[in-house]
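Order as written gives the chain letters A, B, C, D, E, F and G; numbering starts at 1 within each chain.
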């Protein structure tokens, strides 16, 4: 049996550096993200699309009750890939940050500022003892005074802005499709269609309307809302 | 002797990630759940059924005194699989959450909200040092303003809604039977019969009425109650 | 030399899960219980019997001064198997719970409620860092508004009700005898005789009256009292 | 080289269970006791004798200044075997318990109650992290309302009453002699002679009066006092 | 398989010394810096240049939104190499230090004093348990009463002043070029051109204007500002 | 290569017991004492002598400035062997204890009581986690109401009274000489001469007056004072 | 491959003793000191000289900005060898001690008293868990009421007075030269020349004026000041 350096103990204690300057526990948390259900985020002038598959394998699971795309504030939505429990905790944290910002400053929180706050929490969980990093990446989308915004924050506490991106097990395949088909001037509707298309094509299941969770934030209204099942069905027909 | 990666130390310290992005301590806690007595939850328009076997092997154990299905609030019941002590602690925690909600808001707690609170505690026990994850899964059923609800929460702190599901050593076999026999429009009575039937058939013991613990929450009355021994006997005769 | 999984480190750190979902430190604590002196608890309509052997090997030990059956409250008694120091600490804890209940509610504590409190403490010692589990099982017997009660609580923090049961090194042998000879309608006197008989027969010593510690809680009086040496001698003659 | 289970790590961390239900750190603390200087305690109707050898090997050590038998309260004495520093700390603790009891209740502390308090401290040091068990056993003797009392408390936090007993490197040999020569009705004087005799015979040194430390608690006066050098010399002549 | 000393455990626990007097965890943190995107700092009489590449590989990443050169106070800028999350945390910390200094003393913070404060935090993370060192180096540039200043602070908490320096994966190559081409009397414009030139030449990508982040602090105005995309494009044409 | 039990890990964690009932960390601390410079303490009816060599190997070290014998209170002196830093900390601690005693009781602290306090601190550092034992032994000498006193306290927190004793690398050789030459009725002057003689003879250096540090506490005056260089020279001539 | 005892784990945990009574972590911290830039301290009747090389290898490093000799109080200077970050923290600590002494007592702090305070902090970092020892030695020089003083304090928390001494990579070679050339009656000017000479001769670089940092504390003025570059150049010409 071969012993990789990772097996020699660098990853045993709390989050520490390996000789090549990596944080193994954080690397492994990225693996958890890669095993999550596929998700997509697309930014268009008309608004932001956040979409996720709900690749349920048990027929008696109440797939409709599963929420993969959630509202953080009226102008911000989020989807995640990785550990569900970790995702839920971070979303709750983001909501508190957003509410607190409204109360303190009397205005909606800027999307990047919210993303930074969530990322700071994640970073702290990679540097201090007695905790493990969060095993989850988030796609945070919304509309603020600078227009449509889309950020991805990873287990290391880093974040970047994107025009379109993906997380979860279909990430590689989906990003390839996005690079081919995404246009910065596409309409929100086209964005929704693209999101559903790449999710459907990259999945190893035959996804129905109920297997998708889609949230959009309209640039004009600055309002997050979830697509209804009939709406998703309509879009699926158009693909 | 072969050394599995699990033996190399990833599971020795507090809950940490393995190279493939899993939390071993959490995986092992799932094993504890799989060794628990079988339990079933079934959601029908008329209400929710929670049923569990009490597969006692010692003849002098006072099987009647063992509670596997418990009330959390008047409109919510729970059953568990895994470590009994852990289950008891979580049920007590759920009761406090429910009582506190009634006192604060003057109304019964929504089932999913309660489930989320319990799951958040479980998640915290997978991320912070100095504790081990809870070795128990819970089935939480009840009636709230959205009608009958049935949720399963696992050691990782994740939860999902179900129409019908199972936990414990008979889980695989029971879920197969449920998939074949469950209908969304079945009556509560049919649900009770199905629950007892799958438990009885999947058990390696000859279960009598006293070896079952059954709680139902009627959709109309929104009230949890336990079936009496004679009631269970009547149902068993009907199987 | 063979290396069992138990030797690979799962049991080295604080109480953690092994790959098969067990808590080794808790399993080992059960071993401590199995090496304790034999104890018996028997529930009859007329009351509860708690009896233990005092298998002293040193002739100059003051065997009479050794207490293996103790009063918790006027209506509750207890006996233990395992580490004496751990047992003493838990009994003291139970006494405080019982006293506090009397002060708060003005009435004697229900037996199961007391058992639950003690078991909760035990559970906590299996889940949190910086402590080891309690190496002791308790038999708690008493009379409350529901009549005679007999519970056994183990190092994992689980508890069950029993009609008759045993703990300690003679457990297997004694339980076999109890299953053959126990009747739910036996008199308290018959219960005492059965308890002494199974203890005597399962011991590898020639137990005299002074080598027994026996406490009874009469159903009618709801009062715990210890049998005197002459009383035990009388019972021994009747065997 | 052979690896005993004890070498596999069970004893490395803080006090934990081994697979056979033992607490290795506590077992090893018992070894420290076995290497201590020999001590004897004897209970007679006329009072209690506590005696210890002071087997000094350095001729310039001021053997007279070494105290192995100490007063805890006017009616209680103590001797120890094992780590001197640990013994001193426990004796100081016992004194505080005794003084506090006098202040609170206006009467001398019962011997067993004091022993229990000291043993509880010892037990706590076997169950909680960040400390090691006490490497010392104590013989606590005294007179209270129940007459002469003699208790031995060990590193595990257990204690038992004795008529006569020994601790330290001569324990096995001395207890054998005590079993042969002790009589429950012997006079205090006979008890003193027996104590000195067994200490002297079991020692590998030629013990002089100054190599003994002897304390007695007279049943009538309920008073602890140390024997003077001339007194010890007189007794030694009588052997 | 060869075992390097680094594998023997020196780097497993919290930051400790190795036999040759190094702190491995700190050494490894330096490796993280070496893998960061290349950055350059150049000090001229006319002001300080801080420049960094943004070597984005994903075409849909919003490269313009990525900030590698940031303002700390109106007279100070910073760039980093290493872990982005760590960098962000330190920059935030530096901003608080600078603001607090303005509030307390009513004047802009001296550059070296700010650098020292940030370095002290880094040092503390190499000496105390329960944390890992920061995996990031910072280039801090600015103008204070002593004129243009440029400091580099590393993961060990050390800092030095520089005329021109580099960090990140191109460091060796870039420093060589700087040594050849830097003149202490070069104009700020020449400094900007040199910075862009060495970054462009050392990169394995074909860097466009959008792949650079450049901040300058003018000596006269004592003001930090970022170059605009058109400005960078102009400079790139001049190379 | 042979592996001694000490290498198997018993000494790796905080101070724990080995299978044979020893505390390895404490044993190793004794080794530190054995490598210290030689010291001597001698008790005579006329007072106590504390003497130490200062075996400096570097010619430019300011040997006169090195203090090996120090005052604790006007009637108490101390010398140490082992880690200088640890010794300094304990001496400071002893001074505080002595001052506090004077303030509280209005009288000089008894020598043994002071020794006990210092030894209690040492014991605590052998039993609690997060610290290492003190690597130093102290010789505490002084005059109190019981006359001249001389105590040695070791890393385990034990202490004993002595007529004459030694610590440090010459201990074995010096104690042999002391046993041959010490007389309980020797004058203080004879004591000083003996102390210097045994130190000089056991040293592998050619000790001059400046290589000795000598303190005496006169029985009559109850006052500690250091011998001056000329005084030491005079004594050296008399040897 | 050979395994040295140091590799067996003694140095893995927090600072613990090895079987031969050493503290490995402290030994390794001494190694860090040995790798530092060379430093020299010389005490003359006219004052104290503290000098250090600044052996910068990067031509664009601003060598003039590097401070190796610093003022602690107007009458005290310091230089260090080892980890720069650690040195800076200790110097800051020393400054606070000195300021606090002035405020409390209205007079300059004695040099040895200051050295003791700094050394006590260092000692504490070798005895308590959760921290590593300081990887730095300090040379503290100054003038107080006893005249010129020069002390060296090491990572173990020990300190000694010196007439002349060295630290860092040239230590052995420099001390040999000092022993040959130092005279207690040399003038301060001769001391400065000697310091620069031994630093220059022991360095593997061709040191210029800018590669030296020199501080002097004049005995008469009791004032610390740094030599200017021209002053150093003048001295270098005189060598």
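Criterion: a residue touches a chain if its C-beta (ideal position, glycine included) is under 8 Å from a C-beta of that chain, and two chains touch if they have at least 3 such contacts.
By chain, with names taken from UniProt: A, B, C, D, E, F, G = Proteasome subunit alpha.
All values reported here derive from a predicted model rather than from experimental measurement.
Steps from chain B (Proteasome subunit alpha) to chain C (Proteasome subunit alpha), taking the shortest chain of touch contacts, total 1. Of all chains in the assembly, none touches chain A (Proteasome subunit alpha) and also chain F (Proteasome subunit alpha).
With centres set at the average Cα position, the gap from chain A (Proteasome subunit alpha) to chain B (Proteasome subunit alpha) is 30 Å. Put simply, the C-alpha centre of chain B (Proteasome subunit alpha) and that of chain F (Proteasome subunit alpha) have 67 angstrom between them.
If you average the Cα atoms of chain A (Proteasome subunit alpha) and of chain G (Proteasome subunit alpha), the two centres end up 54 Å apart.
Under the contact definition stated at the top, the residues of chain G (Proteasome subunit alpha) that touch 2 or more other chains are 9, 12-14, 129-130. Ring order, beginning with chain A (Proteasome subunit alpha) and continuing to chain B (Proteasome subunit alpha): A, B, C, D, F, G, E. Per the touch definition, chain D (Proteasome subunit alpha) reaches chain F (Proteasome subunit alpha) in the complex via residues 1, 4, 6-7, 9, 11-14, 24-25, 27-35, 58-62, 64-66, 83-86, 88-89, 92, 125, 129-135. Chain F (Proteasome subunit alpha) meets chain D (Proteasome subunit alpha) in the complex at residues 3, 5, 8-10, 12-23, 112, 116, 119-120, 122-124, 126-130, 150, 156-158, 160-165, 175, 178-179, 182.
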